[in-house]
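Look for chain A in each of the two complexes below; its partner is chain B in the first and chain C in the second.
Coming up: the complex of A and B.
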């Protein structure tokens, strides 16, 4: 029997050894390029799936990296200062009435399959986007025409030209007629899985992919140098299971940088690589934010004194820490985060002052009249604040924020409660938010929305856009101030950058004066990258080092 | 005298033909019960998706786009709703659902616009690549180690293996998974960090690369399966070892090996085989935790992502597959036991 034990043990050890030896020889690699010259290969790690390859789909990392004109040659791009810059449209001009957009495009560009990009492709694109894709940005497009070799004109019935550039810049670009004519009239164009659906006129073409491995490889098309000479010859994108795995891969030199749309590395993880001398954590202000909206159609927060007192009682340092860890910052009273276009940096930062908060409430008549330890309304009726964290995948954080706020409010004698159904059922939550059934709503503005034309102000309007009804709109706000409402809609419909900035500046003033709500903290975004083999990284705030400029600024070290 | 081969209770053997008919009837009854169970599962899965919180159309196109279309292009919104049949009455949607299952048309994934069945089959491949070796290796290792420990309960081997096994059965697989990932992939760099392959490889390179990627998740899953099976087998063997017929066999002077293989093992294998059959029900479900940690693109990870991204069609099919596999595994276990366990045969034929 002893012999049998030995045999079994030996077999087990042998099996383990075989697996271990088979495992020796880990992966790795280097970009290996001449110093100061082109980068032979840029290895990007992501957590987004690498399984959809269609230039008209925003799915997967292929769709997301096309936001920055990678394989899909987008018309324009938005730079780090939120300015619209030429890209496939080599120049553009908007008429004074904002309805006509004249632009030029290159005559030397190539599709990924080697065919030349022609004026007919440009015309076909607008026809396809308008009539098949039913693009939201082209609803008022009336006419599209070539005005010469390499030039064209779009005519809108409304002053939409600027909005088309600003909102459509990331997601639309020229498409090849010789491929997409097959899909004319087919509403399922976005799920077309034909290999040719991945052919675009961006600076790169897809050369191979391994969906099982989550890897796709791209090579430069030197002719499509819309932003300058392309200095990265090859790009490999690999998908990892999660952010921890990406950071491990970055530290092990499996990848050069991280990219994921609107998903920077979490502040709680970034310290994993912060001490590595070969890694820059790619820190910048994040445009997205958590915010509170006061229910101004209900008695408590229709009163400015209550809003003012509540904002003074919050422990702002703790709130900033809850959201951004040691990188979190207390925000200013103008709602926006620093990377937003038109952000004004002169507003005061919030500060906790519970004595002042209590004084305001006492003077306004919110005192404890029945001796239960909590304040009542000035008329003696009970005061019980309904706090509503936004229902979503990330609601744990907002529940924690609610906890901090409720503690702070209790400390100044304000009774609060949460409706358990609202945090357990998205439909109940949403119907209450749409009906304005909340005193303090804790919501979230995504980075994309904050940087777009809607901005966080969109969440505060009560009146619908002129000509539409509240029922068919997506309105969570309760601020009925006519000037605020019209400023928001005018900002969204701006026909130029100057107009947009002027509206957003006025909105910050109104918001800060009336205390309609508040940002709950500025956080940082982290898009880390390696600095040992590649130089020339340009970290766009809230976006990261993989942006429209990446393909022309990177150089080998 | 082997315990299984003879009639241990001394009941006279029945007419063979009649016994076969009775056994077939028993199996048929189990098959019909399983079919009914599967039908109930299908219905529950339909109702579950339709009564869970959240508006399907908003998840499909995104809340922002939903309201944009509602405001600016309601015709397009209506087209999408009609396309997914969300306007139909519930019973029509149910009939369409049953038809889709019969025709294996489970629609398109909300995540990547690919047919759900295509995504699921692809993930099944990767899950089977891990789960089949786990079942076999874990089953063999667990059985061998369990027999050794159970044959000499309280012996050195048992004293070492049982605490280890209890520890392994108590510690969650994610703890061991992350620990091994950090040590072997991140620090020692022996194994890749994540994924099923490095990509763009063929032939022997591909096989070697695949083995490297599957090594850690496989080792962890085999380890957990081994220790779980070890406890089952050990308890079964030590129980049978105390039976009268084992004592009789030993008293007759049969050598230990004969007593173990001819009497103890043949009887101890019955609960073990049942357990193995039941484990087959999990073959296609995958291990959500291990797959998520190692980025192994199997069914567990697919199910996890489908639920977190509210990809209802995919989540529904994953749930169906898991549930049907469990029902089929239970059925298989019933059939196998009915065929090999004389005590069940007696009950059926009585």
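Coming up: the complex of A and C.
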């Protein structure tokens, strides 16, 4: 009898262990969702720090995910076709002169602390953004007023309404007066660490965070359904040490997708998950790019022949490979990447032709006069090109690009050098770039900038926006061509999409004719996601599957 | 009959390893099949007859990089070790000879320097100084003299009690003469052993700093080869021909200097 009790006890323990292991085995998966219904929990993996929780800060993954109206109820959003779409502003209308913006907003929305969003909050927000935050988008805002229950009007002294929607869409939105009135007039509002600083009127509210573990958890506010019914009930964001760790987590079903602003998964890593049948690599053309800017205020690159020869000597296939691996593509001469609005696809692709490059230099008088193996200026003075990779925390890629360029330039007899201090010290780099102390600067345009109104052309202008000074404009460019400069500023100030496109088309023509610089390669972006438990993913080019539509289109499988 | 001297095998092996690396470092231009800075579209090529250790992400020949890297690693390792040994020896001589407040000051300084994590301080110094080989040598030297100073001081304190030193002092010999003509030669074996071991330490530190991306732009050192292999996710992508050779070279060179330093000292 005693023996059989022992047997039964052993069997019970064994059964318990089996159940426990089974439970452990499924704990990584997305559970609790009904087929075709809401997603109980969306698990997002990132490499951005989970450490800043302030709706007026762009720091950390909280700030970065608020670009897509997450906890922060952004006014509008830009869709995958770069069209302005209603969000917190449920409808909007711009007057013919571009100076008046009438809009409506929901009267049922709630703040994350349960308080209702009111017209006073909307008015307070514009007051705060203009007078405390000194928002660039609202410099010409003259008047902000309520025109009824759930409707308001902004009046600008200049035709800035379209630009406000287009440029401000990602970074501004409504803020709660009952919380932020404490910070009126305080320039340090962006670094306010009060728990209430994380309260917004977006579709989600922060419910818990563990900064040490790099995890933050959010729950939906069903009333804040600006883009439709919210179908994702809960979102968990986990920060991983690097992209390799993120991909492993994705393979192990610890997360459902990857999101990081302007940091797609590296092309050399994506093959790790490409063969997994439950993972879509989330491939799309990337709007961001590395580019070179010629120092046109210095003797060498003020000469078109030098610019032309240099662009012909580069090994474009290798440059594309260095940046985008096997997915990299040689770019065309019009600077922009294919996803940019107004991109014209008829310009020629760059091609390496060292013989032609040498011929151009010889005919222009850049020959080796002192027999040291390197060319001199036509007047015999020494030619030594300063290459300046843009300073950043991670210099590896741009240093690698610089190595390729310097080797290519050496092959056609052009001596080059790098200033070690410029690649080791951000202040030295910046002061030199602002002063135009470079021959070839290797820079980077983020996807957000490329898809916005500034585009990569902003990095090439020398003249400041009319009415402003160069010192206060943070200009890196050295192109002094008056038409190019005015076209850039006119493009940025466009009051409609048609106007924007006409300017950007002309800019591509000028850029390609004058060879002011060049894109260094078109790459693909990868924002991988799992397809086994969730459906309805919408992969925005350059942005990934975590976008403004995510919260309303995802469904459980 | 003369007693046959027993061979010190570890020292011989160590010397052979060091010798090979010195020859490679001196004749790297002649030994390398390619200029390691030359790039090509043949990226991530596996080892073959054209590229014995394959190519990297820029199509550069890894074997040539490794050969040129020997010169950089040896140069930094040896120079940093020479400076660290000179500084350590000088402090030890001053401390043991003068004693009193000088000894207390130098001993305190040594203890303080030893308490600070070496690699962390070196990293900080490299970041602060202008990038380049000289900065690496200075930063490594500043943090690696302490062990030598402490060991030599204890040996010198014993020597100071020897009659020949007391006689020299009694006849009024100059301090510098006693220190550098009579004391230093009596500790030369320890100095050389410590010097050899310092080279291995300095090479490891150089490799670590270059691996962290704190080396000079475009410089081919073993650490920088490894740095870019990791930047391109070489391990996870199975690019063993890229990340293994610098690891093996660094390990071998360190082993060579350690064998000479450790067993050379033990035999004496």
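Here is the rule we go by: the second predicted complex is superposed on the first by the 503 of 557 C-alpha atoms of A that agree within 3 Å, B and C clash if a C-alpha of one lies under 4 Å from a C-alpha of the other, contacts with A are read in each partner's own complex, and residues count from 1 in each chain.
Here, a contact is a pair of C-beta atoms (placed from the backbone, for glycine too) under 8 Å apart; a residue touches a chain by one contact, two chains touch by 3 or more.
In this text, all values refer to a predicted model and were calculated from it rather than measured experimentally.
> In the overlay, answer first, second, both or neither for which of chain B and chain C A:424 touches.
A:424 contacts both chain B and chain C.
> Quick one: classify A:136 as touching chain B (first), chain C (second), both or neither.
first
> When the two structures are laid over each other on chain A, which of chain B and chain C touches more residues of chain A?
Answer, by number of touched residues of chain A: B.
> Where does A:212 make contact in the superposed view: on chain B (first), on chain C (second), on both, or on neither?
First partner only, chain B.
> Between chain B (first) and chain C (second), which does A:266 come into contact with in this model arrangement: first, second, both, or neither?
The second partner, chain C, only.
> Touch test for A:51: chain B only (first), chain C only (second), both, or neither?
first
> Which parts of chain A are touched by chain B and by chain C alike?
424
> State the interface residues of chain A toward chain B in the complex, per the touch definition above.
1, 4-5, 8, 12, 19-20, 22-28, 49, 51-52, 54, 57, 59-60, 134, 136, 139, 187, 190-191, 193, 208, 210-215, 217, 238-242, 245, 248-249, 251-252, 254, 393, 424-428, 449, 465, 468, 472-474
> Per the contact definition, I'd like the list of chain B residues that touch chain A in the complex.
Where chain B meets chain A, its residues are 53-55, 63-74, 76, 79, 83, 108, 111-114, 122, 126, 141, 144-145, 148, 157, 181, 184-186, 189-200, 208, 211-212, 215, 219, 256-257, 292-295, 297, 301, 308.
> Under the stated contact criterion, what part of chain A meets chain C in this complex?
244, 266, 268-269, 271-272, 315, 317-318, 321-322, 395-396, 399-400, 402-404, 406-408, 410, 418, 420-421, 423-424
> Across the complex, what residues on chain C touch chain A?
37-41, 43, 57-59, 127, 130-132, 213, 216-218, 227-228, 231-233, 236-237
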